[in-house]
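In the two complexes below, chain A is the common chain; its partner is chain B in one and chain C in the other.
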Partner chain A sequence: MIWEVFRRERKGQPFVHGGSFHAPDKAFADAYAREFYARRQESVALWIVPRDELTEIGGFPDEFDLKYRRVDGYSIKARLKEARERAGTLPG
Partner chain B sequence: MDSRTQEFLEEVQAGRQVETGDWMPDEYRSRLIKFIEMHGNSELMGVLPERDWILRAPTLQRKLALTAKIQDEVGHCQLIYRVVEDLGKPRAQCLDDLISGKSKFHNVFHYPTKSWGDVGVIAWLVDAAAIISQKALLKCSYAPYARVMKKVCWEESFHILHGRDTVLAMVTGTPEQFELVQEALNRWWEPLMHFHGTPIPAEEDPMFVWRIKSQANEDARQQFLEGYVPQILELGLTIPDPELRRADDGVWAYTEPDWDKLMAVVTGHGPASQERLDFRRLARAEVDWVSKVMLPEAA
Partner chain C sequence: MPERSRADLLLELADDELILGWRDSEWTGIAPFLEEDVAFSSIAQNEIGHARALYELAATELGTDADALAFDRTPEEYRCALLVQRRLVPDWARTIARHVLYETADAIRIGQLVEHEDAELAGIAAKIEREEVYHRLHAEMWLARLRDEARYADAVEELWPFALGVLEPEQRPALAERLGRPEVEAVERTAPGDEFAALWSEMTTVRRSAPVGAQW
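Moving on, here comes the complex of A and B:
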């Protein structure tokens, strides 16, 4: 049985994937995780999850070019210039 | 080469990092498995020369440090074999191929450790040579392996310091202790010069072409010489190579190592190869019942 390990390196930081190991059950997984990922206090907390319990989802194509959701969908330079011209606030 | 493989090759050469689930050419996968498996084998076999000295360590502190180093190395083996497994080769198969001689392990682990001086020289200089290769693997095109290397490198830095401290204790001790280090250095210099492999140009090295390795063998050796020759010489030790010197352009010259000997050693004809493999066979047979109890899939 393969377990995935996520480790928090310091308080306040997110858990980040650290690796994986074999263990027959939760008790051994607990012991191995401590030995492999925290015996020098290099982690402040660990999450261990059986690999089979994880669901990976991926592949997020932007088929309809939905740029209006993102900052790169807006180019305000020309409009801003025009607005400043009208308002008479165009910098020197 | 088909167009998909060509495209993949160009991508990794441009710096792409590949993940486990991504499509990859068969050649890339099989080269990764072979290389990473040998690395895992070496971590496992590498503890045997050091294991011989656990019971003979000169102080309790040294015994504890040596056991901690050995625990690290076996841990590296576990992590690295996991990377191999996710590429498609089960750990049990790796262990079987190791003891049958089908797969290889690193040249430096085919030699005996004659004195405590060898233990110091191994932890300091063999691990220093290893960390140079492993740091270059942080940029490996196969991302899961590169990530494992981060943890490995971090732990190796403790080994180097532990080794250097051991050597320093001996060179500042009695003349006999100093001599033990000098003798060990004489024994280990040739294997150390073999360590990074033949000076094959990077463009001709398939491991570089696929960006599994990020540096040429000779670059790694030069980095080792540049970093460690001064550290060895400042202790009053003599390096057993009269040709060794740093040219004005910063490139180190040395006596060409016997590359046929390296090939013979890694194919199981080193002075301790068979003894080490026999021990591994014995250990595998003796703990077989543990695997069966612990891992239902191994039963």
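Moving on, here comes the complex of A and C:
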């Protein structure tokens, strides 16, 4: 049985995936997680979860390149430059 | 029986931890599976760390140092219990039986030492106890897994008199009660057992190969 480990490095920080290991049940997983990810004070908290319990979803189509929907949005730098050239107001 | 000196008490504890750590470390690289290999090796390393702290405390009293106490004594001078001397590789069931028995016994004596009027002893016991909590967790999870196996029951039966010998006579009833076993005649800490000579020889090889006073 494979367990995935998420570790919080410092108080207030998000849990980040740290790795995975084999353990036959929760008691073993608990002990090994402490051993591998926390005993040297490298984490302040851990989430451990059987890999089978995780649902991975992926493969998200972006056929029409609708990049305005993305958080990074438009890059207006090039367009702004073009517009300024047309208007003859390019700085410098 | 005359009262043991503080140095004697420290050496008994330190020798138990050093030799158990040594025996447990014989599993490094060959434990039943990789995760357990790492975990059990780490426990072995902890035990040796406890031994070092205890030797250091004894050494200030005896006017020597921890390495000299750990490695420069003759085999006859070690005081470790016979339980920890046994070479149990490659028998995992017996190794776990010893682990469970030793950790249970150790919890009783460390628990008493934490309350000791000597602040240094109480302090070191409290530090050791913080790591032993993890060792007991590890022992208990294996116990839960193996307790119904005949080979495990046989191992506990065989090692039980040795386990009693880890503790002082007045502490033994507590161990019998915790484990629900009858108090039988204990295998006392006497002269080192047969298997100890070979362990000692291997353990001190590097130390003996170097000139006296070599620094590492």
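Everything below uses one rule, namely that the second predicted complex is superposed on the first by the 69 of 92 C-alpha atoms of A that agree within 3 Å, B and C clash if a C-alpha of one lies under 4 Å from a C-alpha of the other, contacts with A are read in each partner's own complex, and residues count from 1 in each chain.
Convention: a contact is a pair of C-beta atoms (placed from the backbone, for glycine too) under 8 Å apart; a residue touches a chain by one contact, two chains touch by 3 or more.
Everything quoted here is computed from the prediction, not taken from an experiment.
Chemist: Identify the partner contact of A:35: answer first if only chain B is touched, second if only chain C is, both if each is, neither if none is.
Modeler: A:35: touches chain B and chain C.
Chemist: With the two structures laid over each other on chain A, which partner does A:27 touch: chain B (first), chain C (second), both, or neither?
Modeler: The second partner, chain C, only.
Chemist: Looking at the overlay, does A:19 come into contact with chain B only (first), chain C only (second), both, or neither?
Modeler: Only chain B is touched by A:19; chain C is not.
Chemist: Residues on chain A in contact with chain B in one complex and with chain C in the other?
Modeler: In chain A, positions 21-22, 24, 28, 35-36 sit in both the chain B and chain C interfaces.
Chemist: Please name which positions on chain A make contact with chain C in the complex.
Modeler: Residues 21-24, 27-28, 30-32, 34-36, 39.
Chemist: Note which residues of chain C are touching chain A in the complex, please.
Modeler: Where chain C meets chain A, its residues are 33-35, 38-39, 42, 134, 137-138, 140-141, 144-145.
Chemist: Quick check on the complex: what are the chain B residues that touch chain A?
Modeler: Answer in residue numbers: 21, 71, 75, 78-79, 82, 86, 91, 147-148, 151, 154-155, 294-297.
Chemist: Which positions of chain A touch chain B when the two form their complex?
Modeler: These residues of chain A touch chain B: 1-2, 17-22, 24, 28, 35-36, 40, 42, 56, 58.
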